[in-house]
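Look for chain A in each of the two complexes below; its partner is chain B in the first and chain C in the second.
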Partner chain A sequence: MAESVKNAAAEITDAGIVGGAAKLTPEKIEKVINNVLKAEGGARLKTYVDICAHCGLCSEACHFYLSHDNDPKFSPAGKVKQTVWEIIKKKGRVDVEFIKRASEIASTECNLCRRCVMYCPFGIDIAYLLLTVRRICHKLGITPQYIQDTAHSHSATANQMWVKEDEWIDSLMWQEDEARAEIPDLRIPLEKEGADIFYSVIGPEPKFRAQLIYQAAVIMHVAGMNWTMPATPGWDNSDMCMFTGDFEMMARLKKIHFESAARLKVKKIVMGECGHAFRSVHDVGNRALSWKMPPIPVIHAIEFYYELIRDGKIKIAKKFDKPVTFHDPCNTVRGRGLHEMGRYVANATCETLIEMHPNREHNYCCGAGGGVINCGPPYKMSRIDGDKIKAEQLAAVKAKGAQTIIAPCHNCHGGLEDLIHHHKLDMNIKFLGDIIYETMEKPE
Partner chain B sequence: MAWQKVYNGVAEGEIIMTDISGWDWDSGKKLISDISDWKKIYHWVEEPYVSSDGEKIAAVIKLPDDEVFTMCENGVAWENAFDRVWYPRFSPDGRLTAFISDTGEWALAVDGETAEDKYDFAWDTRFSNDGKNIVYMAQKEGKYFAVVNDVPWEKVFLNMTGLAVSNDGKRAAASVQTVAFKEADIVKFQEGCYSAVIDGVVWNNNFVNVWDIVFSSDGKRVAAGVRTNLYDYTVAIDGVVWEKTFASVWDPKFCPNDGSVTAPVRSSGKWFLAKDGQIFWDRKFEQLWHHMYSKDGNKIAAIVAPQFGRWTIAVDGKIWGATFGDMVTDAVFSPDGSRVACLGKENEKWTVAVDGNQWDEYDMAWQPVFSPDGKNVAAKVEKNGRYTIVINGKPIKEDFAAVWDPVFSPDSDKILIKTIETGQNENKYFRRVMPVADITG
Partner chain C sequence: MHDIYDFVSGPMVWVSLIIFAAGCIYRFISMALLAKEKDPFLYNYMSPYHALRSIFHWLTPFGSENMRKNPVFTIVAFSFHICVVIAPLFLFAHIILIKQSWNVSWWFISDTMADIMTLIVIASCVFFLIRRIVRPEVKFLTSASDYIILAMVAAPFITGFWTYHQFAGCRIMGIIHILSGEILLAAIPFTRLSHMIFFPISRGYIGSEFGAIRHAKDW
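So, the complex of A and B:
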């Protein structure tokens, strides 16, 4: 099935992979691989590897495969064959070039979107297998540079954007000031112990998309929510360490996040429109700490907005009049099934919703998720090329009249923006929060 | 002199010691302030804060017809008003502090008096046990430092996090960035660009990360969890690392009586308690964190998960029979170290557990408080949007719009309860002292 990996490996220039590879020896590779497989592989890995019938039905699920003219190298099984199977078959005796390419495949040619899980007759979680490769690469110190830098930020600041403690608080106060120009009695309540809701966001919000905090504050205010945000580290729910395979750091991040909420005695955590962070707080990160479920309920913004509109706490003054389409983020649809709630909000706020196809749990990944966009400029074009099928899907829904894409996920925005720009699709992208803020009734 | 632990509601482990013998312990109910009166004047009244002794209640207010803010304490506004006021906190000795901002400069105001030095930002107020010393973080011109009793450190840093303060409030420490590195310079970062700073003096060695700094009880030594590369975690004491490294480590603690250092450590996928670098307790856990010492240092308790998804308390390695599925928090030793109380959560309901025995279910609960003699335990709880105090599992007869953490009298016979009432007394803040026997029978 797979071509020789050596040619591809020769082209790798990423400083994280190249620099890490320079320190590797076959002996170290073998030792690290076997340590990971023995200590962490367990029944799940063994079962997945053993029961895979090599049928290839997963191929049609993968946007990389579909975008590369059905090249089997890019099929989920093909990626597993080029990485996990070889590693296991050779009992870790793979060379440096192999592991360089394995790092690149696992980190930049798979979005861990789990679409293929639905196509596998056995339900094998291929994302888990590729994540295991990332774990091995982390242990070998051969993670792509830019996402590794993000992991460093997480470790030093407990957020992914190197935001310092005062910068975070200052950003909230800045947005509160901005919002008070519109709603004079609005507050972003900091450190309000006993509030019902702990609102958490991801690092890019205070850094690049501060208007989202403004809009969330307006929505909270109008809906009459008793809410708070922490003035301490723990405000960032995001987690690139989950995607680099630095699970120890992932666990530390989730501990800080949940304990910040517990300290403030809130009933629940409402999180902004981010997909991967939801995966971390609702599934992977909490369980790494031995919390079977989130110790404090975590409500994704999609569900939160759905409840606000359903319960009449937010009323729509005038619907958004341009035709929209709805992009289901992998982690909120395949990870939580929030697709109908998302459409409920879209229909409540927009005149015309035109479905893209496929949609809901079958939607194609934006190409950015799973930390792929966080691998940075070296992989921008491979990411865009690897998701042509998504561009075709968007072009098709645009042809039906959709001008605006609602995408309730930060990474999806990044990925879709690149696809739209590259393919000159001339479409707008909005968060649900953007639409709600724009269409809701607000105090005079 | 009677000293009692009064939980300050900031973070687990931050126990402050307050002399409470001089407080008014006469039984009875006293109206301190009617917040309705404040609201008539100011309209904008934020959530209130109450002093430990219950004699004062304060909130951020906005002055009418003006876009400036100040603090209101027992109905009296500070003389000066500011562009912004945030983080109101009472010191253990009852002084009201808040960060204030005018024309973009920040300072700490104490009882309305503002320090001369101003900063580009200031945050995270901490107090000594007796409340006399105040420490906080500040930033000026992009450099970071601590301010101790209004005196900023001379040495400043590229970044600073995780402020720690000695019990006497005279010493401050934090994790600091000691080496500048360019964006995405992962090589430089992994060489170690962080260290611990104590009173402005940095340890001699750098680490990849430094977290969870803690002072010894006498304030002379400092320990921290550190990462020496991307994979090896250990504990550093005064800059000297344990010989052994682990897959992860949580907050270290000094033993109060022998100076040894303990920390939860992860090894072979399980969590252990380590002492001075060696595995200490003779059993492993799925999780182990927030360990704490009894006052005499002879016992250690920790929040543990003996199996995946089940949580309880371990005392000297022995676990309670009761476990909880959601989480366990806010553990506390009785003053004599013979008992442990905590909060447990199961199916989204909270309870208080004392030595493994559970109380009723609540929508929310706050850290339990032991009486000085260790016989009684009280906690603030919330049920159906109403708050009350529960002692030994028995709620007092009334519930309230707001309640603060209870405090037992030095002789353990009485309890101080601070409440905002509803109905005829809506918005009125009362301080009341009740005989414990009236509640417990």
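So, the complex of A and C:
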């Protein structure tokens, strides 16, 4: 196993890492590392490195470690050892090969899912340490190509998928048109000042999964919500810059998003079923803008649907009759504790919910989050191999009868689809919105 | 021999106590100031309720998922930490020495109890050592300093046990016992043993993040 890892390390082919590394010199690496450590590596970094007792108790938390037959190179602290400890020990005097591998470890072998944080007796935020490595790699210009392209899209268009302004509006009007065939008086209200709800989604929704906007519009309409979406950039709440370590761009993205909501004078922001975007808006991006908590209340779709069903705004006509299981996305469970609300919605809309184990805060990561799936084809197989344990967890719940996985997160869909396909699990994946749309009472 | 004994049991005690106390205060204050300068948000996000909630869970045996997954380690780790603090602080012989020097004294444990606790500490250190060598995920993280720290912790207990039971060479062992205890005390603020100072802070902070911001458990 150790041998195969070594070989993998020797064959870094990612254009972003290889191309970026070609422009690096040891002097530049040393300078950039020390600048980051000096300017940004404060008390947290120092304390975490100082007190880690090298006990290895974080290992069993990591799906990469478990999936690689307990190879210590994939344990959370093992990844910190191969990156942060070396960097600090050598005071930044590391070579180009080292930093190439560090980029790969931090960006493609850690999902920043924070499960290990719950397993460290000292509560060391290991995800933060590896994100610091990504930050260094960003400043060195050796971020993996595919995710860097996404970050470029964010910079150029303020959305993740190079969606142009007119294409965005067109997509909404197209979905409105489609939905009006079903509900003739349905609207997707654009730029409605003073609406209660600002509904924001991630770039891939208009790009690949436009039906989700259709479904959300139907849910909003039936529930009688006073809602709107912006016709300007700021509609995309996603944030790959948060994951590449481009914190300046992350702050700009969150500013555009919050300002669009503020311009429309809404009461709250409701977000579609995306995990990382929620992490960015609820937790990380607001801090970059010096807001302790988001300046406008932010609610994830799970919580929104929970409220709609609890308050009787949405009624279920006929429950989903195939047995389902619920996958807790890291960013809504360890990021916001929405596990019970998710189950409330699942139980209200489905006849049978079978739990996977572990679940809730202890659920295994889908393998795609933290920008790992965004690192694209060069890392697809290492991502799938790195989450074998998730496939085993899914196979176990399938054996208990679950056919459908509810995963209220886009990244989780991507990751779980690849796992299901690769391991021939023959299960299907749905969003909560899919299930609600399918089972709710709609006007005749 | 007497001169060395007088030296390690006299001025060296003061030196080690001062390094320990001043070192702890220095480390704590300098870290607090660094946090104020570089990570001021740490103060804003600290939530006393959630911090204490997290600390409480992690100071309760089997109070976290990971402790339940590793029952042997949990039992050893808790017994070790309890004994490593209680045994030296409440040892009759130590209290007598302190009473002779400064005329202050406090409650003490029986010598049998002290013996048992000392053996628990020594056995725990052996367990940690073996674990470090045998378990690949621990071995991978291990550097020479980990063995040195383990030896530094075990030394005062091994030599103390040796001296109390008056095994061969107990006089020289007594001197080594005092010296190794002093070295350990002085090393606490400046090594990974500083988790003694920083555990409540790091645990409390992540407890606050998980509890107050993310509304989730962290155990």
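Here is the rule we use: the second predicted complex is superposed on the first by the 435 of 444 C-alpha atoms of A that agree within 3 Å, B and C clash if a C-alpha of one lies under 4 Å from a C-alpha of the other, contacts with A are read in each partner's own complex, and residues count from 1 in each chain.
Here is the rule we use: a contact is a pair of C-beta atoms (placed from the backbone, for glycine too) under 8 Å apart; a residue touches a chain by one contact, two chains touch by 3 or more.
Small disclaimer: the values here were computed from a predicted structure and weren't measured.
*Asks:* Between chain B and chain C, positioned on chain A by superposition, is the outcome a clash or a fit?
*Replies:* Overlaying the two complexes on chain A (C-alpha atoms) leaves chain C and chain B fitting together cleanly.
*Asks:* Determine, under the contact definition given at the top, whether A:337 touches first (chain B), second (chain C), both, or neither.
*Replies:* second
*Asks:* Answer with first, second, both or neither: which of chain B and chain C does A:194 touch in the superposed model?
*Replies:* first
*Asks:* Between chain B (first) and chain C (second), which, if any, makes contact with A:56: first, second, both or neither?
*Replies:* In the superposition, A:56 contacts chain C only.
*Asks:* Draw lines from the C-alpha centre of chain A to the C-alpha centres of chain B and chain C: what angle do they form, to the nearest 10°?
*Replies:* Result: 120 degrees, to the nearest ten.
*Asks:* May I ask you to decide whether A:231 touches chain B, chain C, both, or neither, giving the answer as first, second, both or neither?
*Replies:* It touches chain B, and chain C stays clear.
*Asks:* Look at A:178 in the shared chain and tell me whether it touches chain B only, chain C only, both, or neither; answer first, second, both or neither.
*Replies:* neither
*Asks:* Which partner does A:292 reach: the first (chain B), the second (chain C), both, or neither?
*Replies:* A:292 contacts both chain B and chain C.
*Asks:* Who does A:40 touch here: chain B (first), chain C (second), both, or neither?
*Replies:* Once the two structures are laid over each other on A, A:40 reaches both partners.
*Asks:* Of the partners chain B and chain C, which touch A:75 in the superposed model: first, second, both, neither?
*Replies:* The second partner, chain C, only.
*Asks:* Smallest separation in Å between any Cα of chain B and any Cα of chain C in the superposed model?
*Replies:* When the complexes share the chain A frame, the smallest chain B-chain C C-alpha distance is 7 Å.
*Asks:* Residues on chain A in contact with chain B in one complex and with chain C in the other?
*Replies:* Residues 40, 292-293 of chain A touch both chain B and chain C.
*Asks:* Could you pull out which chain B residues touch chain A in their complex?
*Replies:* Of all residues in chain B, those touching chain A are 9-12, 44, 46-47, 84, 86-87, 120-121, 123-124, 137, 139, 144, 159-161, 177, 183-187, 189-190, 194, 208-209, 211, 227, 230-231, 233, 247-248, 250, 266, 268-269, 286-287, 289, 305, 308-309, 311, 325-327, 329, 345, 348, 363-364, 366, 382.
*Asks:* Across the complex, what residues on chain C touch chain A?
*Replies:* 31-32, 34-35, 37-39, 41-42, 44-45, 54, 58, 64-66, 69-70, 73, 135-143, 146, 192, 194-195, 198-199, 201-203, 205-207, 209-210, 213-219
*Asks:* Give the list of chain A residues in touch with chain B in this complex.
*Replies:* My answer: residues 15-16, 19, 39-40, 138-139, 141, 145-146, 148-149, 152, 155-157, 164-166, 169-170, 173, 185, 187, 189-194, 231-233, 246, 248, 251-252, 255, 258-259, 262-263, 265, 267, 289-293, 295-297, 376.
*Asks:* Contact residues on chain A for chain C in the complex?
*Replies:* 40-44, 46-48, 50-57, 59-61, 65, 70-73, 75, 77-78, 81, 117-119, 121-125, 283, 287, 292-293, 333-338, 361-362
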